[in-house]
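The first chain written gets the first letter, and so on, giving A, B, C, D and E; residue counts start at 1 in each chain.
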Amino acid sequence: MLDRIRDWVPRIVLAPSFLLVLIFVYGFIFYSGYLSMTNSRMFPSDEWIGFANYIKLFKLRHWNTALVNLGIFSFLYIAISTILGLFLAILLDQKIRGEGFLRPIYLYPMALSFIVTGIAWKWFLDPGIGIEATFHSWGWESFHFNWIKDSKMAIYTVVIAAVWQSSGFVMAMFLAGLRGIDTEIMRAAEMDGAPKSLIYRKIVIPMMRPVFLSSFVVLAHLAIKAYDLVVALTGGGPGRATEMPATFMYSYTFTRNQMGVGASSAIIMMIMIFSIIVPYLYSELKSGDRR
Amino acid sequence: MASLSIENLYKSYGNVEVLKGIDLEIEDGGFLVLVGPSGCGKSTLLNTIAGLEEITSGDIMIGGKSVAGLPPSKRDIAMVFQSYALYPNMTVAQNISFGMEVRKVEKSEREAAIKRVADMLQIGELLNRKPGQLSGGQRQRVAMGRALVRDPQVFFFDEPLSNLDAKLRVDMRTEIKRLHKRMGTTIVYVTHDQIEALTLASKIAVLKDGYLQQFGTPAEVYDDPINMFVADFMGSPSMNLVPAVVKVDGEATSVTLKEAGGIEFDLPVHNVQGLSAYAGKTIVLGIRPEALTDPHGADRTSDQIVERQCMVDVVEPAGSDTFSILHLGGKQTIARMRANAQVTAGETTTFAFDMAKAVFFDQETTLRIR
Amino acid sequence: DENVEVMHWWTAGGEAAALNVLKENLEKQGVNWKDMPVAGGSGVSAMTALRARVTAGNPPTAVQMMGFNIKDWSAQDVLGNLNDVAEAEGWDNVVPPALQEFSKHDGNWIAAPVNVHSTNWVWISKKALDDAGGKAPTTWDELIAMLDTMKANGITPLAHGGQAWQDGTIFDSVVLSLGDDFYKDTMIDLKPEALGGDKMVEAFDRMAKLRSYVDDNFSGRDWNLATAMVINGEAGMQIMGDWAKGEFLQSKKVPGEDFVCIRFPSTQGAVTFNSDQFVMFDVKDGLAAQKKMASAVMDPNFQIAFNTVKGSVPARTDVSDEKFDDCGKKGMADLADAGKTGRLFGSMAHGHAVPDGIKSAIFDVVTAHFNGEFDSKTAAAELVDAVESAK
Amino acid sequence: MNHTVSTSSTLGDRLIRAVIYAALILFAIYYLLPLYVMVVNSFKPLDEIRGGGMMNLPQDWTLAPWLSAWSTAQIGVDPTGLKPFFFNSILMVVPAVLLSTMLGALNGYVLTKWSFKGDKIVFGMLLLACFIPFQIVLIPMARILGLLGLAGTTPGLVLVHTVYGLGFTTLFFRNYYEAFPTELVRAAQIDGASFFQIFRRILLPSSGPIFVVTVIWQFTNVWNDFLFGASFADFDSIPITVALNNLVNSSTGVKEYNVHFAGSILAALPTLVVYIVSGRYFVRGLMAGSVKG
Amino acid sequence: MASLSIENLYKSYGNVEVLKGIDLEIEDGGFLVLVGPSGCGKSTLLNTIAGLEEITSGDIMIGGKSVAGLPPSKRDIAMVFQSYALYPNMTVAQNISFGMEVRKVEKSEREAAIKRVADMLQIGELLNRKPGQLSGGQRQRVAMGRALVRDPQVFFFDEPLSNLDAKLRVDMRTEIKRLHKRMGTTIVYVTHDQIEALTLASKIAVLKDGYLQQFGTPAEVYDDPINMFVADFMGSPSMNLVPAVVKVDGEATSVTLKEAGGIEFDLPVHNVQGLSAYAGKTIVLGIRPEALTDPHGADRTSDQIVERQCMVDVVEPAGSDTFSILHLGGKQTIARMRANAQVTAGETTTFAFDMAKAVFFDQETTLRIR
């Protein structure tokens, strides 16, 4: 009998976490799915209206803007953060003298929340008081940088700030990956006569595949949660040019009292996220079968 | 193909001195094996010759020319790494041809070269696999292949067989020997396996703590060890090193041993002049397991076989041989007997000592007494 | 010991200090003030937090709220009842009916109004005005003439921050300037034919015209930075609610000398307003404290103390104006008049004309148009659709 | 005859290194600029900021904004500064980080060393939880907190942060323990150690690096959270981010930018300290497991 | 101390069958060695016996009692792991005493036990170090110490010596043998080193792909291999397996071999009845390197020595022996000769075949022909 219980200990240990997640994540997703089919406005309601919210949702211009923005933003954000992180990691890996000093500089933005840095970035990017004005006051009159005020370009300023925040973290992950590479492989390549650039391009970077995947998970997680960033930086503007699904969902659920539509946008967003993450997870867990 | 010579080489990491004045020279087409216990500096020496590590002082010459300041790619060498260091993301064929690609060799030429080494190493069917899909022995061959497509002045092997199991090891060893014979390229080879060292080398360098202990042919190192360290290190099972007392009786010199049973016996010694200076003192007698055997197994060509009775402590039949463990001079001593020699643990048996193969060392300096 | 937990978004600077008067007043009566400030987005975060609190069954005692938000919450049946205090203190007689519209639900008092902001103000730099002829504009054409002159004088004529509610604030005034009825039909009654009509196209044309006087960097700018532009003389004027006055006063500017406040041209005599009220929630204990608080909010002395700091005017009309400055006095008088003549309208931009969902939908269109995504015709048409789908 | 050899001293190499250093320094500037803006302006009087020139050093250095932000600025009706909220945050962050980290460690331990049928699915589900947008959980979470009697309390916030941190902590520990030799666990089993003894005595003492990574990650996320803090905190459990937001985002009050910047830096100080102090171990910790696929 | 028996054991991971009906039995105090190529299921078998893995079907009995369902800690066993599995955060002393601590043994008693094994293994000075500060051999001894403080029914060793260098390996092997003699506890020992298997075992089990190939004493397995796999796998260098044609001439049976030089020669065979059925067919002749030697080195006690001339391909002097590689029946064949045997690569020399040690296999079934 006691042995039986012992056999179950691992499962019992895992159970609380599993239950918590089951309720607080999957239960809530399910609940949102339910809400998205009801006529909920300010508070949840029981009135079943089928897919009406979804139909309404896709008729909303701003929802489409939000989806397009999410696409642009997450692609650029993930791509640039990854490339920049990798690039910095490679540079730092060249036996750099002040590495211990530079690393925290690259890394620290991850420690700040956008509530904190939002104002600084907003100022910094504002043509009237920020970098443009500063350059003007230094006599470089032709300098122009007013993306944050330009509906077409504003989304890219969100990218700039987001990349600023997390590329250092990605750098750390890649640096760890680079440090983990067997030095003999580098030596073998050196012996083959390959120049540094080729060694990285042909050998080192392909070996970083697991790091690419891990950083993708972290960045995707952050991209989805870009809410604070957008609110702090542009407030969704100019106009609604930087609307994102997260801000859209928030405003429909909490300020416009259209909880049903908000929930349906949440569900669409979850579907999009899961359709990217689940295949990754699957391959990850599958390859975990080696032993 | 080129000769290699190393002059008074020093190498430090920070203030840790790893190589302390190494002098070596290997002729064109020679096979130099570096041996020594773990951490003695073998890989470091190899890396400095290859140009992968900077040296602190001294000089390295390949083909008579100093290579000081040349990067590895300019030294015209090829290397097989201990961990193989295969590029995990490339196929076997790509691994082999990467160096040529870098050197912008024509595609057709590259393919011919790949085919040549693939045939030589019998890895033709593996060419499209990735290293992750290969067994240890196959990886080893690919790593060799990568070195062999080149036609360098010198080949370097850093413990290339240490990850293989015994059977594959023997096969690969023979393969390397044959390759060397065929291509005639100078080879520098690191190992801590004595058998490998002895079978492959034209010259062996024994290192310890960054000092060169002995440098010579395998036979010199095995039969004529310069000190106790070399004697003990080379050979497996290693040489028995037994304290004994020198007895000089006119012309005749002999050494007295104490056996486990409490019996003392003498062993006559010929042609070791140096011993007379130690009359009455304790020295160390070195005798290899194969020179201490059952009378039937003793070398019929030797003229110094002496038979003595000893107590057997443990018997280890090992298929091809039977090892008997006895106690001489208070030390555990191994005798290698024929597979079907009749010995029983705990009983006294007759052993044949081949004194022609015995060597003697000073207890203090550990140096050979000649 | 009695407690009131108060949720509000007057979190920093003068307004929070002004609220402290209320706190101290209550503490004298033995009522503990538990402060629950949630700033951000003019109460958006606070409303979210409130939603969470109510859902958790843990509502605060009193919540700062505005306009249709109050109505939305009234409908949820979670509010308290202040009838006995109101009756005892005769609130029915001193609070303008347009405010009572929000403070009462089904004939019951549920909230205590703190202030009335009027939003159809224009703040003009005295110097810029003098440079442009010195006469404050009273009609649309005069306004345009003045803005043109300012432009010619090399300053930014109109200081503005491109945030939806600021765009909406201008829009309120522009619509009102096209007639009281037009404002009522469109912003309050949401009549589709009016929303999509020619007059609305004209309103959007006027917005576009105003847009041309705004500098390039307007978007995302906080209102106070826009005000600062007027104060610094970088810009000529700003269309903003009366809270802008606080910024002028803070910079030691004197009304009439350094800046002038006028009603938006063609809206003289009418007032669009918004009013902060403390809505009382249905709490199990602390009812007595809740009532004490309501009473304290309506205390004329508090109303004066608070509103002189805040720039707004008292929510009760029987208060002396002697402590108020010129603009304040004018505001109080305007409010009283408009109340009498029926020209007191809830501000759309500040949630006093339509529910938040519709307000946001209107903002969407106004902002899109202001940023050049629509021309005026399309905007008017879009407005009809947006309002319809948000209903 | 003896001469020192140095292989990296050609002109081309020097040039390349110069370019590398230049690039690194340029990026360092990019990363430091916003912080520079914040620091510089936090030492200026408000008038100087209004006058423009945000990149300029203060002409008139003042500590007043810092003192104000810390202890006298108006945060709601009380002029308390950020000080009391700082401690609220500490009270929330410490247990939340410890709990979620410990649970993550246990989960990672079970998932790698005590695998059972279906463990992959459990892990997959835990991991997917990293990607839930927090906006959708507010209302149902509020209801559940209410039912549990945790609404508006610090323990309630701890619960929320623990739940939504589990995915990442589990991921980190699983990847780390995957590389941990299973034979050690087996050896301990044969020694007769129980499930928890093995965890406590064998795995935990070797988990230093991954603890650093996890704690940094969790600490940062929890400390910086605003949404949950604003929605689920009560007047006596308001975390510092909400207070900071109250200081910075007041709607119609006068904006004291210098105080805002000082407050922002104060609010970020613990996370900054955590990064700088343990940043050294951070890369090492990542190396030790959490980034491998 | 207890006997161990395994009956018809099956073990699958998912749908991969790893152990396929293993039957084994080792008496109380016996020394069972499991050998087989990498991945054949040795560790899996050990783990199932230890209770670290569940079995799919079959039964395991320790001391005559089934241990089905018992957790490892209840089976009263001790184990030394391939990688030592020392707890990295504990000192040597803590490593050794951890099991006792867990079992709540008194402190004084624990200390006495630590002292006892520390003395036995000569690790007294290491007790306060952490595993990271130990050399490979020292770690190995600590791992043994951890097992030895217990007094279990059965000891398990999973390739305990595979990480050591050759010299240390020989020493440790002897140490284990002596320990077993002293304590008399039943031991199950996994290795893929044949010498270890042959020297240590009282019984050897040869596994391949999850099947038990042969189970018997070292002598049986070495001299009497049941099939070509076992013949090839046991012994190092491994047995030469050479195709040969059977010739039956009345009573006399012989096999015909082709030599590299193109010469054919016959080798007479005695006492292998089964061969007559293969007259004119090709079978495989198995002859161990030590049974194919220079005439002087041949076993004087054997009565079936046959001398033949063969071409030497490669010569590998290996200190204690000299290996000659020749080609018989198209296969590379190794002969082990005395260290100072005079052979030269490329020349023809006389070799002595000890036909008493030769064995024969069916080419198709790979089974032994008796």
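What we mean here is this: a residue touches a chain if its C-beta (ideal position, glycine included) is under 8 Å from a C-beta of that chain, and two chains touch if they have at least 3 such contacts.
Everything numeric in this text was worked out from a predicted model, so none of it was measured.
The leading chain pair by number of C-beta pairs in contact is A-D. When chain centres are defined as mean Cα coordinates, C lies farthest from chain E. Averaging Cα coordinates per chain places chain B and chain E 24 Å apart. Taking the mean of the C-alpha atoms as each chain's centre, chain B and chain D sit 55 Å apart. Chain A and chain C have CA centres that are 37 Å apart.
Each of residues 71 in chain E touches at least two other chains. Within chain C, the positions touching two or more other chains are listed as 41, 48, 51, 55. In chain D, the positions touching at least two other chains are 138-139, 141, 194, 245, 248.
For chain B in complex with chain A, the touching residues are 47, 50, 52, 71-73, 77-79, 81-90, 98-99, 102-103, 146.
Chain contact summary for the complex, chain D toward chain C: residues 50, 73-79, 138-139, 141-143, 145-146, 151-152, 230-232, 234-236, 238, 242, 245-256. Those residues of chain A lying in contact with chain D across their complex are 6, 9-11, 13-14, 16-18, 20-29, 31-32, 43-44, 84, 88, 91-92, 94, 96, 100, 102-113, 115-117, 119-121, 123-124, 129-131, 133-134, 137, 164, 168, 172-173, 175-177, 179-180, 209-211, 213-215, 217, 220-221, 224-225, 227-228, 245-246, 249-250, 253-254, 259, 262-263, 266, 269-270, 273-274, 277-278, 281-282, 284-285, 287-288.
By the touch criterion given at the top, residues 5-6, 8-17, 19-20, 22-23, 33-43, 45, 48-49, 51-53, 55-58, 222, 224-225, 228, 232, 243, 246-247, 250, 310 of chain C touch chain D in their complex. The touching residues of chain B, when paired with chain E in their complex, are 37-38, 136, 165-167, 170, 173-174, 177-178, 181, 192-195, 198-200, 218-219, 222, 232-238, 288-290, 296-297, 299-301, 314, 316-321, 323, 325, 332, 334, 336, 338-340.
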